[in-house]
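Each of the next two complexes has subunit A plus one more chain, namely subunit B in the first and subunit C in the second.
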Partner chain A sequence: MIQVNNLSFSYTKQPFISGMSFSVSHGEIFGFLGPSGAGKSTLQKILIGMITAYQGSAMVNGVECKKRTKDFYEDIGVDFEFSTMYEKLTAKENLQFFSSLYEKKSRSIEELLEMVGLDRDGDKRVSDYSKGMKSRLNFIKALLHDPLLLCLDEPTSGLDPTNSRMMKDMILAEKAKGKTILLTTHNMQDAAELCDRVAFIVGGKICALDSPHSLIMSKGAAAVTYTWLENGEHSANCPIDRISSDERLKGLISENRLQSIHSGEPTLNDIFMDITGRTLV
Partner chain B sequence: MRLRNLFLLDMRFQAKYGFYFLYVALTVIYVVILLALPQSWREKAAAILIFSDPASMGLFFMGAIVLLEKSQHTPCAFAVSPVRAGEYMLAKIASLSAISLVVAALLALTAGIAHLHMVLFGTMLSSVLFTLLGMMVATKIVSLNQFILWTVPIEILAFIPAILHLWGISPAVLKNYPANLCMDMISGASVSFLGLFCTVILIGVLFMAVRKCVIKMWQEAGGIKL
Partner chain C sequence: MKPILSSFLQMLKSVKRDRMLVAACVAPLLVGIAIKYAIPFMEEILIAQTNRREILRPYYGLFDIFFSMITSAMFCFAAAMVLLEEHDDHIESYCSITPLGKTGYLISRIFLPAFAAFLMTGILLPIFHLTPLPPAMTFFFSLTGNLQGVIIALLVVTLSTNKLEGMAVTKIASVTILGALVPYFLPEPLQYTLAFLPSFWVGKSVCDQKLIYMLPAILETAIWILILLKRFRRKMP
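Take a look at the complex of A and B:
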């Protein structure tokens, strides 16, 4: 679906994105993760044809992005982080208008509104919507023309846990239908849960690219942390695959002296910090 | 079909923001003013009123329309949709010209200007020209103050020669100047083929230039101050 080879781009004389290469298969959820200013949004703008002055190659659905025509957008749905609706029109009026811009038959507006829990608010003006409601409305706007590729920028931003769960389920449902999804996010938990593969982007370069599971496993297996009392409280860690050789742990168990024992594994966030030396801000 | 939907959206947008209400009120005021004037003054007064308001409303209102759209980030939505820049422009030109033509017709009929078809044709040409100029400026700016500042030179270059031309104060070299030609038509006078040709060419060149500006605006997801 997406083939990027040796992609470079710069706003100034300094390179902003340099030498990026990756591919995304049909039906895959691919995540771009990185701190603000890392180049995630710029990369997404290149892939949706909004920035055309790049070097290298960026092919989406068989089309070189810099040579795209307007028909390119018949198969692409973009959910920006901010609302792109006419504020004085109702949600239904907005969705009817934007769906009328495509050649393809629109998905049912009522059904989409119901899916995101806005069926009772369809006749409200968008200006009366909360941030979370606008976010959900913006998401279904991207689905109106049933695109093959969905580009989602922070889709769960501003949502409460219930709506965030609903949004993630909808994203997974679109993947199940065979849609390819590009996800740009700061949220490591969402990325780990949704993405088949993620790319860590820092300073305009891809620092790591793999499935969240492989990245987590690359740091090592899960570990146990245990505590015991011996002139005060002490704690120690032991990799879970070497637990039988930890004599101290075995001794504490046999003497029933353990205060606590917890198993844990590194999160995607730990891996990101480990690889890039940065946190996601 | 897409053009029709864009046109209808623009009319709905203009209605929601009170453009039609404003023009109903202005038309009533203009009609009252015209009826209050002596019969011999009405034709020229109506020509000035038509040229300086309904025919040129695109210059002023495009700033408000495009700035409101920018503040709601709808240019981003158009940038990633199949809508062509030309379709977006044509819809805006047609929707604003519709108001211009209705108001111009009412004022011309009130003033008793002969050759109504010529008045409407002149209004149409002026409306297209001014809307394109307004759109060009609106795509470049981020605040209403900037828009007002940038439209002043256009107003000076368009209105002063045209109004002087209506009173016969105009050098021969400006005979085919598009603003003067539009004023001639709005006052019901016939115009030369050369003047008409120059105006149509100017519209064509402006259309292509504004198309580039719109594409650039869509590619820039910049902020906006109102």
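Take a look at the complex of A and C:
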């Protein structure tokens, strides 16, 4: 679906994106992770044809992005982080207008509104919507023309846990339909939960690219941390695959002297910190 | 073509919702009635009071020029205001990544309103003109007036970032139509200092009764539009 080879771009004389290469398969959720100003949004703008003055190659659905025609957009749906709606129009009026810009038959506006729990607010002006409602409306606008590729920029930003869950379930439902999804985020939990593969982007370069699970496992397995009392409280760690050889832990268990024990594994954020020396949260 | 028409219709709906913009679109009709009836009436009163043979009559051509520009200026002003409001709502960013694209968006927001103004001027000018206007002159008046409106719209959307700034810039941009006065009131060669304004050549064409001056007017307008269009496209996300 997406083939990027040796991609470089610069806003000034300094390179902003340099030598990026990666590919995204059909039906994959691919995440761009990185701090603000890392180049994630610029990369997304290149892939959706908003920036064309790049070097190298960026092919989406078989089309070089800088040579896109209007048909290119029949199969791309974009959900920007900010609202892109007429504030003075109702949600339905907005969706009707944007669906009229495509040649393809539109999905049912009523059904889409119902999917995100806005069916009762369809006739309300967008200016009266809360931030979360606008995010949900923005998201279904990207689905109107049933595109093959969805580009989502911080889709759960500003949503409460319930709506965030709803949004993530909808993203997974689109993936189940065979859609390819590009997710730009700095939310590691979302990325770990949703993405098949993620690319860590820092300073306009890809520092690591793999599945969240492989990235986590590459930095060592989960560990057990336990505490006990012996002239004060002590604690120790033990890799989970070496528990049977930890004599102290075995002794504490047999003597029922453990104060606490819990297992933990590195998070994607830990891996990000290890690789890039920076944190996102 | 479908996305462009949809986008144009959406703009008309936006204009319909805003009373100020509706008034701007109706204004040419009121101005036309004022020019057709109020100016000759004022001329009669002034002649009667001053005992001069004519006062306003030598400038009737100038009134025709301004009327030819006002329809387009008002239509393009309305379009520019819609465009600025859409800029605030990030609509232009979104439209540029739909089949409408940047070019389609510009056509629906600048060139279709200008074409509508061209047709409207072609209808209203033969009704409200004060000087004898052969069809060729009506055509050139409509065309140059229309292109002048495009210049004003592009100046507004290029130099301002919101509706409030847009209204201020409209006042400044409208000064560009005053070039038509220059050939009437400034002697040669001094008048050529303002020859960079397309409206100067339209005024000169009417003042000197030479249609050939419409050519530099059209050429200059094309250069203005190309430069402004380039700057506006750079400003677009």
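Following the convention adopted for this analysis, the second predicted complex is superposed on the first by the 280 of 281 C-alpha atoms of A that agree within 3 Å, B and C clash if a C-alpha of one lies under 4 Å from a C-alpha of the other, contacts with A are read in each partner's own complex, and residues count from 1 in each chain.
Heads up, the rule we're going with is that a contact is a pair of C-beta atoms (placed from the backbone, for glycine too) under 8 Å apart; a residue touches a chain by one contact, two chains touch by 3 or more.
All figures in this text were calculated on a predicted structure; none of them were measured in a lab.
**Student:** Are subunit B and subunit C a fit on subunit A, or do they clash, once the structures share the same frame?
**Tutor:** After superposition on subunit A, subunit B vs subunit C: clash.
**Student:** Counting only touches as set out at the top, which of subunit B and subunit C does A:Glu74 meet: first, second, both, neither?
**Tutor:** both
**Student:** I want to verify the contact counts: of subunit B and subunit C, which reaches more residues of subunit A?
**Tutor:** B
**Student:** Counting only touches as set out at the top, which of subunit B and subunit C does A:Ile48 meet: first, second, both, neither?
**Tutor:** In the superposed model, A:Ile48 contacts both subunit B and subunit C.
**Student:** Name the residues of subunit A shared by its contacts with subunit B and its contacts with subunit C.
**Tutor:** 48-50, 70-71, 73-74, 76, 78, 80, 82-88, 97-98, 100-103
**Student:** Inside the complex, what are the residues of subunit A that reach subunit B?
**Tutor:** Listed in rising order, the residues are 45, 48-52, 70-71, 73-74, 76, 78, 80, 82-89, 93, 97-98, 100-103, 141.
**Student:** Show which residues of subunit C lie in contact with subunit A when the two form their complex.
**Tutor:** Subunit C reaches subunit A through residues 2-3, 6-7, 10, 14, 17, 86, 89-91, 93-101, 104, 237.
**Student:** Hey, which residues of subunit B end up touching subunit A in the complex?
**Tutor:** 1-2, 5-6, 9, 12-13, 16-17, 72-74, 76-77, 79-84, 218-219, 221
**Student:** Using the touch definition up top, name the residues of subunit A that touch subunit C in the complex.
**Tutor:** 48-50, 70-71, 73-74, 76, 78, 80, 82-88, 97-98, 100-103
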